[in-house]
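Just dropping this structure here.
Per-chain residue numbering starts at 1, and chain names A, B and C are given in the order in which the chains are listed.
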């Protein structure tokens, strides 16, 4: 309840306190005049005579009717502007021996209906909508004497080639990833989902950035209430710029105080397609290869598409390993602290003696030692991330080997601590979702503090606190911990276990899908 | 709120059963083999466990009948319906006192036992305070999330107990178990009475039935909820007697912890299981006390609708903490627990059954 | 209100954190005690001194001389490069002190050792014969070891012939810590029948609460090694009354169904045959018609494999085999008879499980004679015990004969 108030508070603040911004972003209510020159001047003024603005005035065919094309250099496909617009208008009219009418309005409809052989084309009559299109790569065709403008789709800018997502590599599975272009991304999804129920609901977010946003779902699978809720939340977005889908994620998530991610993000089209088939919703944003999937559950973050591509025994073992890894990633330093400083009786005698022997002469208490090492590891991780790839490896080697080894031989930390920290690091790398791994990194410190105060008792209390938090957490209203709690035994087949493909007849119950069955053959019920 | 999220705010029959099992398994599980061995002096104590389990089920079934008569109505609402508003007020307040004291008892149990087995210098005040804060945090969240925690912790607890028992299996000496059927009926009944105290908790059915999808299934929930502790208690008792013999069990303060203490995992990472066992047990105590605090708050808010949940939690916590600090030693602590259960015997068992009879004869029924 | 609450809670938590960590003791600061030896003091100087200093001081009935064996972890690490504070290369330190309470003694160590004694890794406790024989020694000494939540119930208990201190001070060649050395010897009872099964302190607690006599393994110190064989007999008042020798212990193990392994030697024809015991089972048949004169028959079944046969006989011959089995059976009966003579006739202590058998299988009779069993009318001493043994040879090894008969 408290949290909801805070969240509301934040949203209210966001919309009320920045009034000047709204004024600045007020739409231009100017309509086009019928004077071409005047219009061109207005465009130049509105865009501040921008460097990348291209205008070209010319005569239609062999007449004296002047017109102009306006586009943004680089955004519009210049080959297309040449061939389809300039060449067509200048040459085709003359070669086709069409009589060019005198009335500018008629010229416009002639061009619109017959001359321009482009699939996406529309008429606009005000500067705002025209500029919106021009700034997203379209070309505007202004004709002297009319107050209308033809907007021709000529989007075509340099995009990155399709690559395998670096952060979500697989041994087995498709190699393509999303790119920054939303069109490419919808293509990737459409290629995998040929069901005609697939819907791409487009909208524009960002007062100034005007970014394309697409909500993707499969119409007769998705839970309609979920869809309404997602759309309602998306409608509340009121912000100038949306650079990355992270903005969307943070705006529509349920609990902004939680360290846990409540919306899944991925660069893998296969993952998105699979989620859509399960009854989830994907949100694509132009300009980023990261696609949001929602709603999610805790278990989903520990799943990898590979679990399904490999045989089920392999998949199950891998998942089991990941659950163990997440436990280790969070709790192994705190267990080390608790066992070494509070309960050495729990460690087998021989191990206890050898830990005691290695710690002999270490000046710091185990807690400080652990904080020191874990922080160093975080630093290394962060440093390696920012540096170019070859340098990043060097940092890894310098940090891992040199500092680790030197710290041990200098007697600052004990070798066992180094092992524990290394184990923690490896375990957190084994978690497929980077979002969740970051959450675990934060919780790790919390658990270490409680362990330093109360030993194993503290560790268990911190575990309980995390569980309380997770139990209260929701993702777009869906319980985060389902199907553990609330229990849905049907969904357990695809949780820690990955039952053989033929056993997974139903979609997740937690998602309340309209169509529950995935496999109809052999289904008696 | 949409219909779908509303549906998930309600709990199923099995979930309710797990809730009852979670609230029942508490401090009693650590001490009951001692009291039972003292009363029966032999292996036959398991009969007492079954007898008292059956009696508990009978009472629980009656309570479930009462609660199920008034679906979607709180305890205060239906007692007011059956026996006038003032009676409802008095009874609900008495129950609030009972449940609140229960939280104090559980919180203190954590303090006492943690102090004995895990800490030496850490003050009991700090141990209990940290625990109480965690309980508060849980109750401050949504009610259904709190109940879902039972689903998460109960399997863990059962699993760890089973592991402890499996590793205790080599220590079993069959001589300790014999002779069978040597206790008198009187001893067995005495034992039933003693072990019956460890079953208290199933009365949550009175308050949580209103959250059930199908309140008429409350009786089945009580059955499941009591079956788990009955089986669990029986297994533990059998193992305690088989490992220690009845003579020794009588002389151990917390026989179940001592059982875990005997166990050695061969070649394991943990040499001593008892601390692990104990920390896992903290989860059950957490569940128990969080639910009791939640019920207290639930009853108080049902009476005084204007006061918010958070306010009640903040008012109750210092009182609970203060009462928890009152017992001076183990004897005080145990007698606090016993007195509390006897108090509860009247408040939550006897009076509701009377209410059921009144409701039955006067034909009062809830809407639904 | 929410924000303020958060502030208070975080303030409270940070206070806990800042002032907390009450129980933090770094692992290298703990003095792991792995073995404890309890003796009676040799001279009374310390006691007299204490008497003079504070005559009013409450006194126990028995004074103890306690040796704690504390691990020096640095000494355990192989190789010379010791970075720590370890000055000698020893892996342990024996601290000796005296007092009339074991807890007092353990706290007294704090005045002399830089590391606080920590008992959760305690492996063995050795009581000297003298303590075991004294009237209050054994029970009193063991109380703290059971009561302390720190102590584990799996610590092994031994009774030493002679001083317990000498046992814990042996310098074994194979292990660095004498206590661990003794600890692992204690687990070898699957290879010899002359060793009692391990008695953990939890088992001792059980025995102390029962009304029966019991036995504890005996340990003897030599220069560089110890020997765990034989048994110390305790009567139902928990006072030690005597030792059983190695062979008698073997008999005792047969009678109490505790044979896990070991060997039997029997003379057949002219020379020895040796049997490796792979299993043995015992059952008791009680004739309870006459309460004053109970008759018990031990039926022992034992199986094993021939390991050595010096007399070159045909082991594949059925008659020879049967005779051989009989010879081994007679040997078992002899061992048991010797033991029974000692524990039944000479020192009547019921360590052979008869009372416990009556309690388990004849509970009505037992209720009747409970107080007249070892004490009172001493029905145990008046009973009659018979042993019948049967041996099954399952395996003769890889050869029939090593050489042809001479």
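In this text, a residue touches a chain if its C-beta (ideal position, glycine included) is under 8 Å from a C-beta of that chain, and two chains touch if they have at least 3 such contacts.
All values derive from a computational prediction rather than experimental measurement.
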Chain whose mean Cα position lies farthest from chain C: A
Taking the mean of all protein C-alpha atoms as the centre, the chain whose own C-alpha mean lies closest is B
By the contact definition above, name the pair with the higher C-beta contact count: B-C or A-B. A-B
Could you please state the distance in Å, as a whole number, between where the Cα atoms of chain A are centred and where those of chain C are centred? 67
Using the average of all C-alpha atoms in each chain as its centre, how far is it in Å between chain B and chain C? 41
Between chain A and chain B, the Cα-mean centres are separated in Å by 46
Which chain A residues reach two or more other chains? 2, 342, 345, 349, 453-455
Multi-chain contact sites of chain B, meaning residues that touch two or more partners: 119, 122, 130, 272, 310
Among all residues of chain C, which ones touch two or more of the remaining chains? 5, 16, 20, 23, 120, 152
Which of the residues in chain A end up touching chain C in this complex? 2, 5-6, 340-342, 344-345, 349, 352-362, 365-367, 411, 449, 452-455
Once bound in the complex, which stretches of chain B touch chain C? 116-117, 119-123, 126, 129-130, 133, 175, 178-179, 182, 244-245, 247-248, 250-251, 258, 261-262, 264, 272, 310, 314
Spell out the part of chain B that touches chain A in their complex, as residue ranges. 2-5, 8, 11-12, 14-15, 114, 118-119, 122, 127, 130-131, 134, 137-138, 140-142, 145-146, 148-149, 151-153, 267-272, 275-276, 279-280, 282-283, 286, 309-310
Can you list the residues on chain C that touch chain B in the complex? 1, 5, 9, 12-13, 16, 20, 22-23, 120, 149, 152-154, 202, 205-206, 209-210, 356, 359-361, 363
Along chain A, where are the residues that touch chain B in the complex? 1-2, 223, 225, 229, 342-343, 345-349, 453-461, 464-465, 467-468, 471-472, 477, 479, 481, 484-487, 512
